[in-house]
Every structure is written in structure tokens, then in C-alpha cells.
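Okay, so chain A shows up in both of these, paired with chain B first and chain C after.
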Partner chain A sequence: MADFLQLLIAGLATGAIYALAAIGFTLLWQTSQTINFAQGEFVMLPAFFALVAMHWFGLPFWLSALIAIGCAVILLGLVFKLVIVDPLIRQGVLPLVISTIAVGLLLKDGAKEAYSAEAHRFPSIFPDRLVDVLGVKISLAQLGVLAVALAAIAALQWFLAATSTGRQMQATAQNPGVARILGVRVERMVMLTFVLNAALAAVASLLISPIYLVKFSNGETLGLAAFVAAIVGGFNQVRGAIAGGLLVGVIDNLAGAYSGLIGVSSSYRQAVPLALLVLVILFRPQGLLGRREERSV
Partner chain B sequence: MRSGLAWAAVAVAVLALALAPLGLGRYDVYILTLWLVTAVAALGVNLIVGYAGQETLAQAAFLGIGAYTSALLAKAGVPFGLAFFAAGGISFAIGLAIGFPALRVQKHYLAFVTLAFSVFVWLVIRNEEWLTGGVMGLKDIERPSLFGASLRPHRLFFWFVLAIAAALTFAMWWLVRSPWGRAFTALRENPVRAESLGVNVRRYTLLAFAIGSAYGGFAGALYAPLVEFIDPAPFALGPSLLFLLMVVVGGSGSFAGPFVGAAVAVLLPEWLRFAESYYLLIYAALVILMMAFCPTGLVGLAGRLWSLRRRPARMAEDEGARALGEAKP
Partner chain C sequence: MKKSLLACLVASAAALPAAAQDSITIPNIIELSGAGATVGNNWKNGSSLAVEEINAAGGILGKKIVLEFVDTGSDPGKARAAIQRALDRKPVAIFGPIYSGSVSATLKLTADAEVPQIIGGEAANLTAQGSKYIFRTSFGQNVSMPKIANYLRDEVKAKSVAIVYVNNDFGRGGRNAIMKELESRGIKAAADLSTESGQADFAADVIKVKGSGADAVFVYLNEEESARFLVEAKKQGLDKPLIGETTLLGQKVIDLAGAAANGVRGHVGLTVDAPIPAIQNFGKKFEARFKYKPDHNGVKGYIAPYMVKAAAEKAGKLDGKAIAAALHGLTITPDKVPGILIEATWDATGEIDRISFLAEVRDGKQVITKVLPKLKQ
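Here is the complex of A and B:
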């Protein structure tokens, strides 16, 4: 039971990080029809920015982390929107989808060529100490990660629901035409979504890197986790992405530990979230918290 | 008249290809064969992407399924013909099985399901060592023999692959020209309208995906005896993404597109040898530029240049604008 609780907390911690990546992915999909296949690379890259700031310029960790978030907002938010998405959305959805796949390749190989192909350690924000809570040993680092990720999610939810800008963003996501008539500056809201996505990805990157190490090929796993989380939760809902992320994280961790019990080799751990994806698509295609979407002619 | 000219052009191209190995060295013939195999798999992607308007991120996985199926059957002593059709058949069946749930939902779900499937196939190939040899791969895959003569010599094997690729290409040509194929085009242009005209969108899209995947399996059955050694690497997610990119670079929805795209994907790494590891970076950047300025791919670009030459400049501009307009969904 104590083991189970430890696994559950570890799972919630990674799951909350997946949720951050999935929320950004969902927001982009809703507000600008951008299905970002480079989302995994967006989470992989900011840690490299931090490594560059620390090891090439000798800056302290806290400053490097802030620089990483800043670089992510500029490059993965503003530049991505202006240089890639804006010219390509005019050509249609397929060219844009293809281009995000190409952007993913570009970032992945760019990180490999510019920095290195090896996995790098990444400093943790929180001390890696175990604390005893009612007889259960819990990692302080995991609790910290969970707290930061949940705080980011709560702040985002508050921003979307309680501020004027946030509500304008939601309006843009739901119906850009009507939003424009009502005086919402749709273009600005879409841009804000890209900036938010980049910031969330950067936070996810800084949180996940001490756990997964920093490696150029991490985007594949992280991207898949984000896609699965978004679809499992129901991609037309931000809270769907949150629930999906937590669920994928927990299932992933439990599968790693208990795979023997259900008769699956631990080398198939990666396949468990995929099985979850298939089950959801088969039995609840709109996602666990999603609504069905109507089509128009 | 026009179609007569097109047939003559095709005949000349096939003849030139058939004669090409006579003047080429061993490695060049290998590259040319690899191009044909890649083009067969790309033909399948083009059916899925260019005609049915879906996205597949699993063609390399189907290539792997075909390659391992044919290699394992060949090792068990099954004749190549049977192994070849088994490779295609299994890929077709798996295509149906994963396409069915994915296509029930909405447009981009097939992309995510095939993405997940790619990862899963790679896990199976890597982990099931008793069957696939794991990361060590399968060695000494024999090339088939025809009428008692071994196709081991590289030129003979090239001609063998050329004949099969030509047959598969013809089958695909027939498919997209048939009423059945016209229905694909209808549903790519406007799925809801196509449905109201009596096209069963789900069934057509599903069959397009399964047939396209079967072409991946067929290509795999040719790939294994070509390289004579297979391991998990060429069947991972990365190569699947490259298959999608190459078809779009060549020109998705145009019949020649996959051949042009496969040529770029197979030959560019050879030409860009000096750039070595930067090859993928250059390729990815080219793809983005291509999508931004000419989403109809190289074939579309060639068509635009051709009409520029033949018509007054103003008309050509209109033509270009029309082509761009058509690319929109």
C-alpha cells in the first residue's frame, strides 16, 4: 500500500507535467486549428536553452531557467506563430500539419547538432530528499514538481475563467467569428495562445528534465504523452487535458511497477498509454470529459 | 491524343529505367532499387494522404511488418510469391483493424492512432527477440529465385523489383481512375457533400488507408531481400514521418508525386553527403519552405513553371492563384 501511494504520487507528478504539455496542445488546436506535432520537441527544447545558459555562459540555475522560459516564449511562441503558422495556415491544414512535423525534426536535429547527442543531467529545483508522511516515504522533489505544475494549471484556469483577457481567449477558441463581432481582438488572442503554449511547455521542460534527463530525442515520448493525454481527456476541454495528463502519468508509473502482475513485460511499459488511447477511441471517442462536436457543411 | 502521348512517355520512362542498370555500377543499381521500393511505399501514402485526405504516420511500421513477414517466411522456406502476398495481406488486415476505430472519430485521429501504432510496432520488433532477433536483427535474408534462376545478382534483382513496382503502380493507377477512385477525390474535396451524394465516407477512407498500408507491406517484402539484413531502426517513427514528408514534397494527390518524392528522399542523402548530419536539418527546412510557397509539391511546381513558359505572364499568375486556391480544404 505504501509502495502504491509512492507510485501514485510519482505518477501524479509526471502526469501534471504531461498535463501542462497537453493543455498547450489543446489550446492551440482550439484557437488556431494548429495541430502541433512538434509539441514534444517544444517540451524537449527549453531545457537545452537552460543548459546553454548555464554551461556556455556560466549563469546560475535560477537565471538560466528564466532565460529558458524567455527564449521559449520568443522562439516557440512568437517566431513559431509568425514564421511558420501564419504563412502556412493560408495553404490549408495539411501543409500546416506537415510543417509542424518538419519543425519537430528541425528542433530535434538542431538540438543534437548544436549541443550534443548525449543525455545530460539537469538540476532539480527541489531537494531530492524523502520525507515521512504517515509511514509513507515521499520524495520531496516529486511533491515539489506536483505543486508547481498544479499551481501553473490553477493559475491558467483562473486566468481563463476570471480575467477579461482570458475570457476573450475562450471566446476566440469557441467561435472566432462571433468573438470578432463582439469586439475581441482575435489575432491578439491567438498570438497570446501561442505565447501561453510556449510558456507552459517551458515550465514542463524545466520540471521533467531532472526526471527524464535532457536529451534531443525526448520529444517523441513527451509528445506522445501529450497527444494521448489530450485525446483521452477530450481535446476540446482544458480540464480534459488536465485529467488526461494525470491519468496517463499515473497509469504509466503503475504500469512500470506492476507490469509483471498483469503479465506484461516491463519492456512494453511505453505501450500502456497507447493501449489507453485505443480504448478511449473505441469506447469514448469524444474523450473522458469531452463533448461531441457537430460538423458543418 | 493526349493520353496516347502520356502512355508513350510512360513507356519511354520504363524502358529507360530498365536499361539504366546496364550503364551503372553495383552501388548505383542498389540506390535505384531502393528508390523503387521507397516509391511503392510512397504510392500507398499518397493514396491515404493525397486522395483520401488523411494523415498516416505509420508507413515505415507497415514497411517493417512486410519486411519481417517476408523475411521470416523466406527463412521458413515459403516461396517468395506467397510471402509477398502475405506481407501485403497482413498489412491490409492491420490497416483495417487500426483504421476502423480511428476513422470513426474525426479528421486527425488517424494521425494519432498511427503515431501510437508506429511506436508499438517498433517496441514489438525490438522486444520479441525470439521472433525478430531484437536489436540484432535478421541476417542473411535470401533473395528470391525465378524459374530456378537466383535473383542474387543486383541487376537481375533490380529488374525483378522494377516489374513488381510497375505492376503495383499500374494497379494504383487503375484504382484512382476507377469510379471507386473518383469517390476518393470527391470525399477529399468535400466529405460532407460526398456523403450526401451517397459515398460511404468511412468505408472509402478505411479502404484507402488499408490499401495504402498494404503497399507499405508490399514494399517491405521487397526491402528485406534488397538489403538482406533488417533491424528495427528503419521502421521506427522517424522514418514514418519521412515517408509522409516525401510524398508531400513530391506532390500529394498527383500520380507522379510519390516517385519524385521518393527520388528526393533516396537521392538527396547521397548528394548531400558532404553535409552529413545536417542532412535532416536541410531537408526539414526545405519541406517548410515548400509547404509555404508551393503546397502542391515539386510536381505542382514543375506544372506551374511549365504553364509560365507556355502562356503570357498574366494568365500564368491567374493559374498559380487558382492552383493555390485549390489546395485549400
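Here is the complex of A and C:
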């Protein structure tokens, strides 16, 4: 039972980070019908910004983390929207999707060439201590990661539901035409979505990098996990992305630990979330908490 | 004007073969990106340093060495294609790959082409496939695992061991070899955990190890994964002795894992912390040049050009077949070839024999606790 609880907490901690990245998929999809296949690289890159600030400019970690979030907001939010999305969205969704794949490759190889192909250590925000929760030793670092990720998600939910700007963003997502008639500055709301996505990706980067180490190829794993999470939870609902992220994190951990009990090698661990993805697409294509979307010709 | 231009072109064309004859190109086909980037970059820098020294001293049999680096991306398929392309130019030797899976995919090509291949791979089966052209720069698992098993029995006093290995040729080879050695010493395998190359999250594996009740944990992963495992083990409060090979106690792992590497123990075949002045001097030279401390792959890369130099000078010619024949049974000593750093002998299968070390990580530094002699004195 103790093992199960530890696995659950560890899975929720990783899953909460996946959720942060998965929310980005849903936010961009809802407001601009964009699927950003560079999302994994958006999570990979801010840790490099922080490393540059620390190692090249000798800045302290807390300041480097803030700079990383700032750089992510400017480059992965504003510049990405203005330079890549705006010109290409007019050509349709497919050219944009392909362009995001190209952006992902560019960011990945850019990080490799500009910094290094090797992995790098990244400081943890939380101490490596164990705390006793109901008689079970739980890592304080995992609880901290879980708390920060959930706090970021809660802040986003509050912003979307309780502020005027958030409600305008929701209106833009639901029907941009009507929102525009009602006086909502749709372009500004879409831009804000990209900025929010970049900020969430940067937070995910700062939380995951002490575990994964900082490496140019991290985006592959993170992007896939977040994409699976968004599909499983529901691509058109933020709450779906949250649920999907947590579910993928927990299932991945439980599969790693218990697959042997049902006679399956733990080598198949990586396939389990993908199997879940296939099942969801087959039996509930809109995702566990997603909304069915119908389109007519 | 036209005549002088023509004369220049003719003179340049005539000079080209002469320039080409003044140097030999050795393809260095290694893991410069992907999961093995740490390994490959250490090797690259080590071999570059050695080649600069050899060239400054006149080269090999009067010819300068040019290293041609090719990135395998840590992919055996790419490694095979790169070796095939390199062999078309009939080099006198090939360096790399370092990952055992990539070596396994390429060793028949070099054997058929009769070109010596100086490898970094440690999987036990590499030298058991009958190639006369493959030569190790580090111990195979058939040599290192009995030493680890003895250490677990005699020093750690473990009755049961949890094994965590990476599911590639290197990891599976090590896992099979240690299982056999543990069984023959009456040590039980309390857990047998396969992990993936490039795996990022080890939380589930550490929790399983904690639940196994093993007296010690044998960790046999590549460097980056070793570091991630150690970070997770510290976070989860895993308090059993963590025992491993060079890939657990190497400098890169210590750099990546930080304080989480403290207390790790095991057997290392090569380390710049060895109590040998020549190898320590190499470590200082490397660090001064590349601004970081090399791990064992840096040493492996460094000795590879010196192996070719010593064998070519013994053979008296720069010919792949002659170099391979000269390396079989050759003992290279630091008094004759200082760049070899530690006396080493290659047998008829290309297996290396030299002294090795028991080590422990204390305060972020690898400390040698015992020197183990060569197997065949």
C-alpha cells in the first residue's frame, strides 16, 4: 500500500507537469485552431534560457528562472505568434501544423548547437527531504512540484473564469465572430493565449528539468506525453487536459511498477499511455472530458 | 595570363596527392548526439587531444593524422551506414562506435574490410563473434562483472541484490553477466528491473527497488540515465548501497547527479582519479583544454590513437591488416608509449587487460579505494 501511494504521488507530480504542457495544446486549439507540435520544445527551451543566465552571466537561480519565463513569453509567445502563426494561419491549418513541426526541429537543433548536445544538471526548487504522510514517506520535492503545478493550473482557471479578460478569452474561444461583434478585441485575446501558453510551458520546464536533466531532446518525450494527455482528456477543454495529464503521469508510473504482475515486461511501459490513447480515440473520440465537435460540409 | 593560370592549376593538382600522402584520415564514428552524447563528446575530445600530441611529435610513421568525426546520433542504423561509407575510402583504422548496440551492428563490416576498429563498447558478446579486427579500449562485461560480484559478496556482504539495467545491448549484456556471477556466488536477485535508453523518469523504478527488500542495488545504466536514477533515489530516500560500474561512478554522472552521487560505490576500469601520475596529468591537460573533467570515455578516446600508433610502428607500415595483426597479443607500456597511460595488453579476440580500481564517490569526488591487478600478469 505504501508503494502504491508513493507511486501515485510520483505519478501525479509528473502528470501535473504534463498537464501544464497539455493545457497549451487546448488553449491554442480553442482560440486559434492551432496544433503546436513544437510544444515539447517549448517546455525544453526555457531551462536552457535559465542555464545561459546562470552559467554565462553568473546570475542566481531565482533571477535566472524569472528571466527564463520572460524569454519564453517573448520568444515562444509573442514572436511565435507574430512571425509563425499569423502569416501561416491564413494558408490553413495544415501548413501551420507542418510549420510547428519545423519550429520544433529548429528549436531542438538550435539548443544543441548553441549550448550542447549533452545533458546538464538543473537546480531543484525544493529540498530532497522525505515527509511522513499518513505513515508513508513521501518526497517533499514531488509534493512541491505537484503543489506548484496545481497552483499554476488553479491560477489559470481563476483567471479564465473570474476576470474580465479571462471571460473575453473564453468568448473568443467559443465564437470569435460573435465575440468581435460584442466588442472583444479578439486578436489581443488570441495573443494573450499564446503568452499564457509560453508562461505555462516555462513553469513546466523549471519543474521537470531537475528530474529529466536539461537536454535538447527532452521535447520529444514531453511533447508526446502532453499531446497524449490532451487527446485523452479532451483537446477542446482545459479541464480535460488537466485530467489527461494527471492520468497519463499516474498510468505511466503504475505501468512501470506493476506491469510485471500481469506478465507484461516493464519494457512495454512506454506503450501503455499510447494504448490508452488508442482506446480513447476508438471509444470516446472527444476525450474523457472533451466536448463533441461536429463539422458539416 | 591564361598560361600562368594553367600552370598554377597543374602545380596544384600535382601537389594534391603529395599533401594527401602526408596524412592519414581516421574516421571517428561516435555518438555526438542522442542518448550517448555525453559519451561521444568525451571520446571526441580525448581522441582530438591525443592526435594533436601525436601530430606535434611527427605523426605515425611520418604521417599526420586527420580525425573525421561522424555523428551516429546514438543510432545503430546510422552507425552502420557511416561505417560502410567510411570503409569505401579504405582507412587504416576506424574509431568507434562507443555504444555496444552500434558496435554490434558494425563489427562484421570492419571484419570483412580487414580494417581495425577501436571501440568503446563493453557488451560481453562483442569480442565473442570471431572478428579479428575489433579492439576494446575498456573492459568487456565478461571481465568487469566477476569483479563487481566479488565486491558485492566480499565488501558489501550482500545476500540479495536488486538489478536495474538499461534495455539495450550494453545493459542486457551486463544484466546477463552479473546474474550468472551472482548466482554462482549464492547471491539472490531480489528485483530485475529493465529501463529504457533515454528514460527520463525513474520514480517507479526507485519505488520498486525500495519495495524489493534487497541488501544492495546494482545499477547498470548509461551515464545520463544513471544520473537521473541517482537523483530520484536520493529524492525517494533509497538507503541501500548503490553499486555499479564505470557508468555509475564516472565524472559525468557525478557532475549531473551532484550530491545524489555521494556514497555510490563500485568497480571502475578507467578514471582520471586513479593514483597514477600519467593518467592524472592527462586529466589536468583535458580539463585545461576543454574546461571540464573527463570521464572514462575521454580516456578511452585518448588511448585509441596511441593504440594505432604503437601497432603501426610495430608492424612498420600503415596498413589495416598489419595493424590488427600487430595489436593481437601486444602489450603497450607507458615507458615506451606514454600516451597509453596504463600498461595494457590485447589478446587474440581484441579483449583488453590492465589494472582496474574499486572506487567510491565522496563529497562529489571519485575516491579510489583499491587497485586491482591485471588478470594475466
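Throughout what follows, the second predicted complex is superposed on the first by the 295 of 297 C-alpha atoms of A that agree within 3 Å, B and C clash if a C-alpha of one lies under 4 Å from a C-alpha of the other, contacts with A are read in each partner's own complex, and residues count from 1 in each chain.
Just so it is clear, contacts are C-beta pairs under 8 Å (C-beta built on N, C-alpha and C of every residue); 3 or more make two chains touch, one makes a residue touch a chain.
All figures in this text were calculated on a predicted structure; none of them were measured in a lab.
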> Now for A:P87: first (chain B), second (chain C), both, or neither, which partner does it touch?
Replying inline: first
> Counting only touches as set out at the top, which of chain B and chain C does A:Q270 meet: first, second, both, neither?
Replying inline: both
> Touching A:L254, do we find chain B (first), chain C (second), both, or neither?
Replying inline: second
>> Give me the intersection of chain A's contacts with chain B and its contacts with chain C, in residue numbers.
In response: 112, 265, 267, 270
> chain A touches which residues of chain C in the complex?
Replying inline: 32-34, 37-38, 41, 167, 193-196, 198, 200-201, 203-205, 207-208, 210-211, 224, 227-228, 231-232, 234-237, 252, 255-260
>> Looking at the complex, which residues from chain A come into contact with chain C?
In response: 2-3, 6-7, 10-11, 13-14, 112, 116-121, 128, 130, 137, 139, 141-142, 210-213, 215-218, 221, 252-257, 265-267, 269-270
> Can you list the chain A residues touching chain B in their complex?
Replying inline: 35, 37, 84, 87-88, 91-99, 101-106, 109-110, 112-113, 220, 224, 227-228, 231, 265, 267-268, 270-271, 274, 277-278, 281-282, 285-286, 293, 295-297
>> Help me check something: in the complex, which residues belonging to chain B touch chain A?
In response: 49, 53, 55, 101-102, 104-109, 111-113, 115-117, 119-120, 123, 126-127, 192-193, 237-238, 241, 244-245, 248, 252, 277-278, 280-281, 283-285, 287-288, 291-292, 295, 324, 327-329
